[in-house]
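So, here's a batch of structures to check.
Next, two complexes with subunit A in common: one pairs it with subunit B, the other with subunit C.
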Partner chain A sequence: MAVVTSARAVPRRRRFDRSRAAGVLLVLPSLVYLTLFVFIPVIKAFATSFTVRDRDDAGNYTYRVGLDNYAQLATSDTLRANVIFTVFIAVTSVAIVFVIAYVIALALRFGKGPTAKLLGRIYIVPLFIPSVIASYAMITFLANHGFVDGILQAFGLPDGAFPKIVFDWKGIVITQVWLSLPFMTVLLSSVLLEISDSLIESARDVGASSWQIFRHIVLPLSAPGALIGVTFMFLGVIGGFTVPYLLGPNAPQMLGVSMVYYMTNYFEPYIASTQAVAIFMLSLVAAVYYVRQQFKREIR
Partner chain B sequence: MKRWLRPITPIVAALIAVTACGGSAPNAGVSDRPSAAAEDKELVFYSGGDTNVQDLHVKQIIPAFEKATGIKVTFTFLEHGTGAQGIYDRIKAQSDAGKTQWDIDLWESDTGYYTRPDNLFLQVAEKDIPNLAKVPKPTLDFVQNKAVPYRGSSVVLAYNSEKVPSPPQTYDDLLAWIKANPGKFAYNEPSTGGSGDAFVISMIYKYSDYQKYVTQPFSAANEKDWDAAFAALKALAPSLYSKGVYPKGNAGTLDLLNRGEIWMGSVWSDQSTQALAAGQLPKTVKITQINPAFNGGAAYIGITKNATHKQAAMKYLNFLLDPAQQSFIVTGAMSGYPGIDWQYMPSDARSRFSGADKEYRLWPGGTYGQDMQRLWHEKVAQ
Partner chain C sequence: MAAQAPAMPAIRLSWWIDDPRMRRMLLRLFGGALAVFIGIPLLTLVLWSFAGEWFWPNLIPTQWSLRWWQEVLENPRVIDAMVLSFTIAPVVTFLTAVVAIPAGYAFARLDVPYRRTLLLLFLIPNAFPRIGLYVSLAVLYYQIGLIDTYWGVVFLHMIGTLVYMTWITTATFRSIDPHLEEAARDAGASPLRAFFSVVLPLALPGIIVASLFSFLASVDEAQGTLIVGTPHYITMPVLLYTLISSFQRPVAAVFSVLLALPSLLLLVVAQRYLHSEYVAAGLGRV
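Right after this comes the complex of A and B.
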């Protein structure tokens, strides 16, 4: 009996092994990549954030393990302001992009006129412009005595009345919105395309108004996909450097900028790592949400 | 050392040297050269920086030097300081291996390398390099004579001469002018460019003792004086451009000057002079130096301690400090300050920086610099 069982089991296990080997081989490159460039750096940053560096009067350093960096993140006015500012910018930009992109996507999905067609061609343009070029363009465009100010002054706006947009939070938000709009619109458009026409037509047949169709069919059906787009953009904005560096105020700073300053200018790699962990934690909230949505989708 | 080991030693040293450079540096010249007799016939010079540094040596100084002395210069250039640490490691490997003839004679790099405790650079003296007598002493003291300052630049005050007929002469005058002309002065965010740092450093020197920073090692106690300086800077913010907007980078201040947004700003001497020459700033913009001066710094070249061609290296540095060669630095594309005192310079060179052809103050940077930038952000930025 035992012989028979094992004889039957052997080829099966071999087949299983071969497919498993192929699977491992397929996963291996991305696993190596993730380990080298994601897992190890994250673990290192995490460990570094618990290294506390003390300096004596002569400038000599001593090192110990502790939570002081986190305490500083919570109590230092500058650092705390940076965390709050980062969340504020991310939430504001994402909210504005979402509303505008949704309107454009609706127009592209349901609009039939030449305006919708034209919109479908031009909204994609910012996708091909690097953020550093867009940032400098925004500076000359929106600065005081810049392009827009100049035109408004020609129409009678008094000198100095133009609001401070560049070197201010408004500058970051406007540029992030401009840069992220195409991506969000593409994503929302594909989500809206998934909603079948027959569903909407049948609703219309039973007398539903446009608002009712939007409120009870389009919005709920597009919500999961839309929220994934929101997650992605939130992650992009929260870790951004170029736009807040070039267009943002001197203080508060977004965490991406602040982190670079602490790392390269102030020679405080431990505080920088702690800020990195803070960004990571903020991103984790979004990432967990994303994974849960994906999971739900697969079950469905 | 065992006799049979001896022939291998240079090979081992060479291997160490090559691996120290990650194997990427050209390994020509790693082998031992014949001992430097009375007359060196060649010179090995490693340098780094912007291409204007390369041009200065390759197109002007080296050909003139080779013609004047008959010494053949082998020049290796690494742009923007890439691999500076590798070169340093290569020199150190030869030192560690106990070699007496190192394969790099001259090295031009960041100031900090020359005074490292490894002690890899020769202390220069006037008897070897006579032109050192013309070099301002503080710039030599700054590196303990372990390198020769041969060009420099400092932060200066740039002003729109149409709007400001008589610029401030002192730092206090400047502060008074800023308060009297709100919105017309800017200095860039310190972390983003040295010309912004200089304005902050001048305020620190106003409330602290300058000598403590240039003659003594770092002491955190000195930073206690800074509170008053930062409070004064914070109080100044409402009178600055856009009620306290600090442009990003040295170019940020120049851009505001160019657009007429501000009438005065702290800028780099070389960067502003180049911009003026290139027409990137209106001709109405002029530069001047206040008293006491904004800080600046020199670029140095060091002779390695066991250089194979020590005599040639000293000759090169002496040649470089000659007023004729120094004039190239001032009037050429580099727009640098001379390494020697302005009084030895011909008048056409002086006229290029008229108003700013003065000594500048120094700033030790390092930990002080890191703390200054961080504290500025915490206490002044808004």
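Right after this comes the complex of A and C.
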């Protein structure tokens, strides 16, 4: 307000300052929210992971700073197996989704006719299905004595010969693929749309085959954008809970599941926080890449 | 480019891609397989919800019945969960809109100091694996007494919706011609008046879509609510966890269909906007 009455202020400059002040004011609430509910919890999780709780003979707890939680994560066979299992599931599901989504995106970009249209209508459906429902649908579909098992019986598969998919790593991967297909496809489609038709036509004019065009033009040009989708999905799978909780085996568990068990069942917030930090670290490279690339896209 | 590549392997790899007829056939096969893979699991759920009797390995129920629907809709736990879900979601959406729309406007139009750094901060929540974030938040909630409270659940739901709505509104405001606002200001309108009578109506479609997705994201959020809301704040998807684990197949199937309805309704409504990339990011279900 003082600025408005000041005679020295140049009008242009004054508007500039007010715009800055208004900008700060408008962004502030969301910044406060993010600080309280995202940044502080993450920083606290780091701090908690270095806190060790000891219980003396009288049953009193004492707290100290130490690396014991990490030592437990590294030396406990169960926890180490969980870390490896988590990475394995994430890498496998991302790889499968990437290939299927790429084929759909190629068909949507270059294909004409009824099949391409049908693909465009169906691939999006899982986006609108909550992951709890998707997991349950997959259980009824793939379980022993489930729908697929029933069909195979009709073709003469002996009872009990159906492989164990549900409550096994295969169930997690298949359901993750089902759930993540729309996002990856939408992203790859938008990346493929950025490749101009004229580039492809000129390659065709000099006699390149479809495979050569794909291999030497489409694939390299779509790689940077595609990597955003890959990293984002990797972060999603590695930080997932619902699918492995409902469809995963009891051991090994994905970190999301084991973390929640440590938190709510064993009431071990220290080990739970340590696993949270482990998950952040496992995804650090993907996270940094995702933020950097997405930032470049948004700023552009 | 092809000259340096050895000719034989290239041909072997690609003969089926280069032959248009072969390519069409493969695409059809692929499309059919995909339709089965995506559609049939959902269809089995719907069948289960109407099954009076379904002995394996019959491929369809041997007896049809609505009694599971009746049972679910008369169950007080189900009613409580529905009421809770639909009282949390509007609050989450409203609070998100109140906080995110101003920020989106500021990012799109105003000269915010440290704009780039701030935008970067808004991307970071997406870069943390969600369950890690939720467990960290739960540890904090225990210490400050927000665990198992209504507002604890609301604030948790806002993590996903806030970031999403800020990005969408930023993009929406940016797509509106700034001259319109300037013209209104030149004609003597106050900044607030120019915003509410010129910019906001133009941005409304984008804001409505973002709000719908926020609403749905809140209704569908399960894992975070399970951690911070049990045992007193059981929303619909959290109740579904229990129903699935208790192996009451038809009951869980009815409830799944019920819970999927709002989203599927939106699928029909939002068809127009589906090609936009942000729809996918919006549900945060990846």
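One rule holds for everything that comes next: the second predicted complex is superposed on the first by the 270 of 300 C-alpha atoms of A that agree within 3 Å, B and C clash if a C-alpha of one lies under 4 Å from a C-alpha of the other, contacts with A are read in each partner's own complex, and residues count from 1 in each chain.
Keep in mind that, in the parts below, a residue touches a chain if its C-beta (ideal position, glycine included) is under 8 Å from a C-beta of that chain, and two chains touch if they have at least 3 such contacts.
What you see is a predicted model; the values in this text were computed from it and never measured.
A.B. asks: Contacts for A:242 in the overlay, against subunit B (first) and subunit C (second): which applies, first, second, both or neither?
C.D. replies: second
A.B. asks: Should A:77 be classified as contacting the first partner (subunit B), the second (subunit C), both, or neither?
C.D. replies: The answer is first: A:77 touches subunit B but not subunit C.
A.B. asks: Go through the superposed model and pick first if A:268 touches only subunit B, second if only subunit C, both, or neither.
C.D. replies: Touch partner of A:268: subunit B, not subunit C.
A.B. asks: Return first, second, both or neither, reflecting whether A:58 touches subunit B, subunit C, both chains, or no partner chain.
C.D. replies: first
A.B. asks: Check the residue A:145 against both partner chains and state whether it touches subunit B (first), subunit C (second), both, or neither.
C.D. replies: Touch status of A:145: both partners.
A.B. asks: May I ask you to decide whether A:225 touches subunit B, subunit C, both, or neither, giving the answer as first, second, both or neither?
C.D. replies: Neither partner.
A.B. asks: Check whether A:171 is in contact with subunit B, with subunit C, with both or with neither, and answer first, second, both or neither.
C.D. replies: A:171 sits against neither subunit B nor subunit C.
A.B. asks: Answer with first, second, both or neither: which of subunit B and subunit C does A:187 touch in the superposed model?
C.D. replies: Only subunit C; A:187 stays clear of subunit B.
A.B. asks: According to the contact criterion defined above, which of subunit B and subunit C contacts more residues of subunit A?
C.D. replies: Larger number of subunit A residues touched: C.
A.B. asks: Enumerate the residues of subunit A that count as touching subunit B in its complex and touching subunit C in the other.
C.D. replies: The overlap between the subunit B and subunit C interfaces on subunit A comprises residues 145, 245-246.
A.B. asks: Contact residues on subunit A for subunit B in the complex?
C.D. replies: 55-59, 76-78, 144-145, 164, 167, 245-246, 249-251, 253, 261-262, 265-268
A.B. asks: Enumerate the contact residues on subunit A facing subunit C in the complex.
C.D. replies: 16, 19-20, 22-24, 26-27, 29-31, 33-34, 37-42, 44-45, 48, 100, 103-104, 107, 111, 113, 115-116, 118-119, 122-141, 145-147, 149-151, 153-154, 178-183, 186-187, 190, 208-212, 214, 216, 232-233, 235-236, 238-242, 245-246, 255-256, 259-260, 263-264, 269, 272-273, 275-277, 279-280, 283, 287-288, 290-291, 294-295, 298-299
A.B. asks: Under the stated contact criterion, what part of subunit C meets subunit A in this complex?
C.D. replies: It is residues 1-2, 10, 13-14, 17-18, 23-24, 27-28, 30-31, 34-35, 37-42, 44-45, 48, 56-59, 98-100, 102-103, 105-107, 110-113, 115-116, 118-140, 142, 155-156, 158-159, 162, 166-167, 191, 220, 222-223, 226-227, 230, 237, 240-241, 244-245, 249, 252-253, 256, 259-260, 263-264, 266-267, 274-275, 277, 279-281, 283, 285-286 of subunit C that touch subunit A.
A.B. asks: Using the touch definition from the top, list the residues of subunit B that touch subunit A in their complex.
C.D. replies: For subunit B paired with subunit A, touching residues are 189, 191, 217-221, 242, 244-248, 259-261, 367, 370-371, 373-374, 377-378, 381-382.
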